[in-house]
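One structure is given below, encoded as structure tokens.
Chain lettering (A, B, C and D) follows the sequence in which the chains are written, and residue indices restart at 1 in each chain.
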Amino acid sequence: MSYDLVIKNGLLITASESFIADVAISGERIAAIGTDLSGGREIDARGLYVLPGAIDGHVHLTDPTYPPYSIPTADSFGSGTVAAAFGGVTTVIDFAQPAPGQSLIEGLDRRQEDADGHAVVDYALHLTLRDRDPARLAEVPAVFQRGVPSFKFFMAYEGYRLDDVAMFRAMEAVAAHDGLAIVHAENFDIITELRRRLRAERKFGPRWHVAACPSVAEGEAVHRALALAHLAGARVLIYHQSCIEGLREIRLAKARGQAAFGEVCVQYLVLTDEVYERDDLTAQALAISPPLRGKEHQAALWQGLADGTLDIVSTDHNPRHRQDQPLHHPPGTSSIETRLALMHTFGVKAGRLSLNRWVEVCCSRPARVFGLTGKGRLAPNYDADIVLFDPTVEVALTTGTLHSSIGFCTYEGMRTIGFPVMTISRGEAIVENGNFVGKPGRGRFVERGF
Amino acid sequence: MSYDLVIKNGLLITASESFIADVAISGERIAAIGTDLSGGREIDARGLYVLPGAIDGHVHLTDPTYPPYSIPTADSFGSGTVAAAFGGVTTVIDFAQPAPGQSLIEGLDRRQEDADGHAVVDYALHLTLRDRDPARLAEVPAVFQRGVPSFKFFMAYEGYRLDDVAMFRAMEAVAAHDGLAIVHAENFDIITELRRRLRAERKFGPRWHVAACPSVAEGEAVHRALALAHLAGARVLIYHQSCIEGLREIRLAKARGQAAFGEVCVQYLVLTDEVYERDDLTAQALAISPPLRGKEHQAALWQGLADGTLDIVSTDHNPRHRQDQPLHHPPGTSSIETRLALMHTFGVKAGRLSLNRWVEVCCSRPARVFGLTGKGRLAPNYDADIVLFDPTVEVALTTGTLHSSIGFCTYEGMRTIGFPVMTISRGEAIVENGNFVGKPGRGRFVERGF
Amino acid sequence: MSYDLVIKNGLLITASESFIADVAISGERIAAIGTDLSGGREIDARGLYVLPGAIDGHVHLTDPTYPPYSIPTADSFGSGTVAAAFGGVTTVIDFAQPAPGQSLIEGLDRRQEDADGHAVVDYALHLTLRDRDPARLAEVPAVFQRGVPSFKFFMAYEGYRLDDVAMFRAMEAVAAHDGLAIVHAENFDIITELRRRLRAERKFGPRWHVAACPSVAEGEAVHRALALAHLAGARVLIYHQSCIEGLREIRLAKARGQAAFGEVCVQYLVLTDEVYERDDLTAQALAISPPLRGKEHQAALWQGLADGTLDIVSTDHNPRHRQDQPLHHPPGTSSIETRLALMHTFGVKAGRLSLNRWVEVCCSRPARVFGLTGKGRLAPNYDADIVLFDPTVEVALTTGTLHSSIGFCTYEGMRTIGFPVMTISRGEAIVENGNFVGKPGRGRFVERGF
Amino acid sequence: MSYDLVIKNGLLITASESFIADVAISGERIAAIGTDLSGGREIDARGLYVLPGAIDGHVHLTDPTYPPYSIPTADSFGSGTVAAAFGGVTTVIDFAQPAPGQSLIEGLDRRQEDADGHAVVDYALHLTLRDRDPARLAEVPAVFQRGVPSFKFFMAYEGYRLDDVAMFRAMEAVAAHDGLAIVHAENFDIITELRRRLRAERKFGPRWHVAACPSVAEGEAVHRALALAHLAGARVLIYHQSCIEGLREIRLAKARGQAAFGEVCVQYLVLTDEVYERDDLTAQALAISPPLRGKEHQAALWQGLADGTLDIVSTDHNPRHRQDQPLHHPPGTSSIETRLALMHTFGVKAGRLSLNRWVEVCCSRPARVFGLTGKGRLAPNYDADIVLFDPTVEVALTTGTLHSSIGFCTYEGMRTIGFPVMTISRGEAIVENGNFVGKPGRGRFVERGF
């Protein structure tokens, strides 16, 4: 039997094993994992890692109005997914965020229009529920039928945030269809109050960002979100964990048998609040919410990632172009291309994660957590989304070598050990020899379910 | 030297010791604790316990509009403090609850008018802050100057509850004067939502009370209140703990060094949610918030009281007269007279508390927690508030033998081992030989401070 | 390309995914996982689960002198591995237990002689270190070179137990080669003392077994073993967890980042100490150490297995023939054939474990924990150890239908939902159509490493 | 009524209150606490603190053979109790340590001979059980009858240590009389092994002391001691807590309702392991067991003392004269005179303890924990053991100003804020105006009980 494409002799790394084998692809899917397989095209992967394509379950592309700044994202679905492809990411999950009063289905339609014909890797959507009107929940079944089983709830940002009851009701609606509730958990009222005071004292800028967003206010909201999900019987994922307080709550929720998951974004693992002492554009861009925190929080995050308290690593990719006033750059980081390499560098090579855990948190477990049933595995009939990763190449991170449209690099001056060298999406090599070679707009919307 | 009054040869019990001695009183104060003291009047206390007068830091008397029912309390300051006196209580702390928009000082004035000339034991007031307007906090210093250093915050009940920011600001104002924040902690929005649904399913009455008020919703609010107090730097007391979830939070707060205190009311220690299965008036009266809970919660409360997680035992005395519609009796329990005896019976005699811990949680520690600097101790210059307690007498609890104006007994059919037999308030025997012998309206407002 | 054997269209279940595919085998190894594969023999697995062969990392076969009774095991390596094969087990790990004073290598040699030519599935050996003489540790490197990287330490049983220092030194020697320390953790001195007293009061038999072996004495030893492993820097597996106390210690060890693992045996998950109330042979056989415990402990074990505190499920298979005196049957249970089916029944079907977690704890994770690098996966170049499991067949457990040589059934009267219907070992179908069809003595010693 | 002695107008500080009053003494006992009391002698205590005499429940005087060095203590019962008196200590508890084989009663007799006629403050004795022979436990009732209800068990030191079973049996014997088990908890075998290795590498001296005594080895023994006490039903006090690991165990034991107490010695609260970097005599003297530890452990000890995890503060006063070889000074610290002042300085003045908690842990709670029923309180009929403490005087700690016979000062160069200025023992002023004015050998043996 001859396959269309065979990746030969690479070290396959999955969430639980590492072994040398061939991967055979027929059409868009993996046809076989085996030895001595042959195909129309054969790629020699000797010395390379062969991984399931990375999944980034938390990105913001072509997003004109994302809080808290009404400044467009630097990356469109086009430029953002090209950068993703260079970074070994074969699926991104973005958000439909219908405004209060707007139909959820209509919001989904509009959002797919943003992406279709532009995205070059597959994409899915979470539905951000901003509408507190319980009548809006009548549309939830229709959203599920569209292959969108995960709902994002904000506890922060005016125009986005839900109150406890609205979130509780929505969690129940999600639970009724066995979906996933995702929460941005911060006590926004307290943060707003603290920020208001700092401003009254003329304390602006990144230097005061952590003071406005104490970890206790984050831990409070994590506890509340988990309590409400527990009452609602909903599976729940807490986004972008940054601190010891939140980790404690997730650990306790898991220990009482709750289906609670934790996400950390790569920037929290690699950077600390020391960056805020610089008074520059990068510091402003890094004034994300929740904020980067101190070393003791970062060490706890790595420990939580290793011991399973945290389930997945994403990016919250959300770079923003500079405003006219350079002193007020909106926050937003760019990690869509660098996550896999950074996690290899600071996780695997630094002895904090095993190779298998690295693949699990970046590639496989996101598929499970988000219901991407046909992705995230090196197994027959799964989509042939595959990355070839060279563990030895060293890459200096800087604007010129990366592919996001943003004009500066979140990790400027840092170096990775290892980087993706080929990315295959549904059987098609789309990044090869340092070039993007896929067809523009080839990415497809992926229906999900549990 | 001859004293006015000497209590001779009783077993003095304090928070930390038990010893036989005489207590000598001059005027309104204790003059000496000694041996072989003599006085104008001598009371033979041989075989009796001599305790500091019990303090009930949580009562509602002459209260026309207390949530959630607009039905007056059965007890006025007059009848309620007479019942208190029979129960060995020499100080009660009630609440001034100025309406939003009303001056706090004016609220205090009105409330003192309710009490002055009626109360027969000394009383103090907490200030219930219902006003979310931060401008109202300008009156906080004046309230402190009136000897009112404790502020009650509701997280429940419309017209009473504060939102997170209002409570946080108020906690800071309290912290600035080294006062005490007191919190009724329940997630009211969630409870309201659950109750609304039960009603929509025609599920009324005590039988459904716990379903509307799950312990998780209480634990959530306790965590939130403690987090906000931690941020505000305020000493905080959580009222009427009922459940394992809340205890966990208080325990963790104490372990991180926070000045966090816990109160439990005697009804939670003596009764369980089994009473709700009866469909009678008592069950309705016991449908308090938070609700009575199951045996496993009750066992945890006793353990928490013994190990110091809970600091004090109060009553939330708040009996309500029956409405016209007997099927909708408002909730509210009456324990102002029975607390000391019930705690002796179910605590000391049942082996759950030592004699000293009994006195500590009912008499001494409340003085410390609430800033009653001149009360709660058997020591010179302290107010001569003293109870003689007969540990052997058995009393059947029933309406006829108790002194609250309420027409039925919360603990109907239960028996206590031990009961107060004489109560002395500021040197004056006010209950003696089964009769109230004090002057009507003799109670005074007590200024407090820390 | 044509393979020797292809299992077609089964539902492959791994630790992290479930998908329909074919498994192709060439010689002794898996050659490919794919679709539309064809081979010399094709097995239709439609409607069946296809799993990696189960691994039982804790068995005692042909064991004449195992404590505490010097009565031979009922099962030889021959009969025991036949029973294993029927139960879907393709690898067992037994023990070389050289006597104090005996060379470890010689002990290994003797033990391989017991097995070679008898075992019908592959086997490996742990080295039970009984010798307290530190000089004996000089042989540790040679043991590792023999492919034996796991050392068992007893904290119980005279002639077997090590004291703290001997165990600590041995753990360090194991850690120096990156091996695995395995511990039977009970405070034997205390248990011996308690048992002595019970006997002095003429309290014999299973009815008094738990009284002699309190969970606190087990938790104490678990804590001690974990502390010593922590000091020694050794990876450590605690065998046969039975109680809440031990779980607490493993959970805390994992949370501090220690490489600590927990095993539970299937009998602790399926039976409770109620069996001891019967005064029969089965109760005697079940008087294992640590003992079966109460329902609250069992519930905690299931929770710990689901949340990852416990890593693997084994059997401690160790059936003993009846003695002449039927009233003193030695303890020892037989689960080698029933584990996979029991875990499916009481785990998966009862909603306590997912299908993937079931395979993980029975098949895949044991390979990782014990260093069986070529087993436990459905992946190319791994040994073609495969089970076909029919999830719908119901089997009544009784002596007659099982294959251990023991004359009675540990689970007599219980029924499983699901049972293995075909077992393939290194590419050879050895159980098929209800018969053992493999060559006698075909099992091989497997070298292990990490 | 006129009393023998009245201390007028001091600020009385007890475990729970602070108030200005007079203390009247008749004979050896407190006769009254009151106002306007008058007596034959009146002492003006205006501006001074009046405390119950401090109790040091952990001292070693006139001790020729205390492990691990056979060098006599520097202080006899005479010199040691004079130093105690200067430090405001009115009761010390030392040890009778009968050798294995020796009658316990005889041991008590011999020890009382050491003390009687020499001690100048009252003393009591713990019985250190060194004998593993269970027959020796037959003497336990007689020891109790001698007023010795507390038994010390060593888990360390050859000739002293008990194994688990011997300690468990002894704990049961102690529990049968409602006594107190006291434990020196370290895993001595592991420590001995580690020390042996360090010595083999020629790593001697204080610099290596912590490496030989890791906190994990202490935590292990604390867990074990608490588990055995739990099984035995014995009240248990763990001596000289030094580390986070031990605190965790005591906290968990208390949370499960166990009667478990913790002691910390003042040196662990005031000094850290930094002193070991000096290579001098003081470092050698401070190489105590368990060792001084790092700042994070010390912070945890203060927190544990404040939140009640630790119950009392003692000294383990045990200074040793220099040997001939000055490089091998035996360990042993001298705090008998400085504890109260050091705890005032580093506890109260540093904001870590309230005044009342200071008195509680140094004076009152030791009386309760050790069964000194007539001491530790400012109440009638209690022994008139009273300290006048000047909270403003500053004292430089140095050999010349202190009264122990040891030739150097554990806290050389440190200053205290506050110091005792008068010590009264059973009604007799024994330290006054900087002089010891009591009768030599006036101290009495105190019988204790619970």
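Following the convention adopted for this analysis, contacts are C-beta pairs under 8 Å (C-beta built on N, C-alpha and C of every residue); 3 or more make two chains touch, one makes a residue touch a chain.
As the structure is a computational prediction, the values presented were derived from the model and not from experiment.
One finds 39 Å separating the Cα centroids of subunit A and subunit C. The distance from the centre of subunit B to the centre of subunit C, each centre being the mean of the chain's C-alpha atoms, comes to 58 Å.
With centres defined as mean CA coordinates, subunit B is found 51 Å away from subunit A. Chain contacts: subunit C has no residue touching two or more partner chains.
The touch graph of the protein chains shown is a ring with every node of degree two. Listed by label, the pairs of touching chains are A-B, A-C, B-D, C-D.
Across the complex, subunit A is touched by residues 163-165, 168-169, 187, 189-190, 192-193, 214, 216-217, 219-220, 223-224, 227-228, 230-231 of subunit B. Those residues of subunit A that touch subunit C in the complex are listed here as 1, 12, 14-17, 19-22, 24, 26, 31-38, 251, 254-255, 257, 303, 306-308, 360, 364, 368, 377, 379-382.
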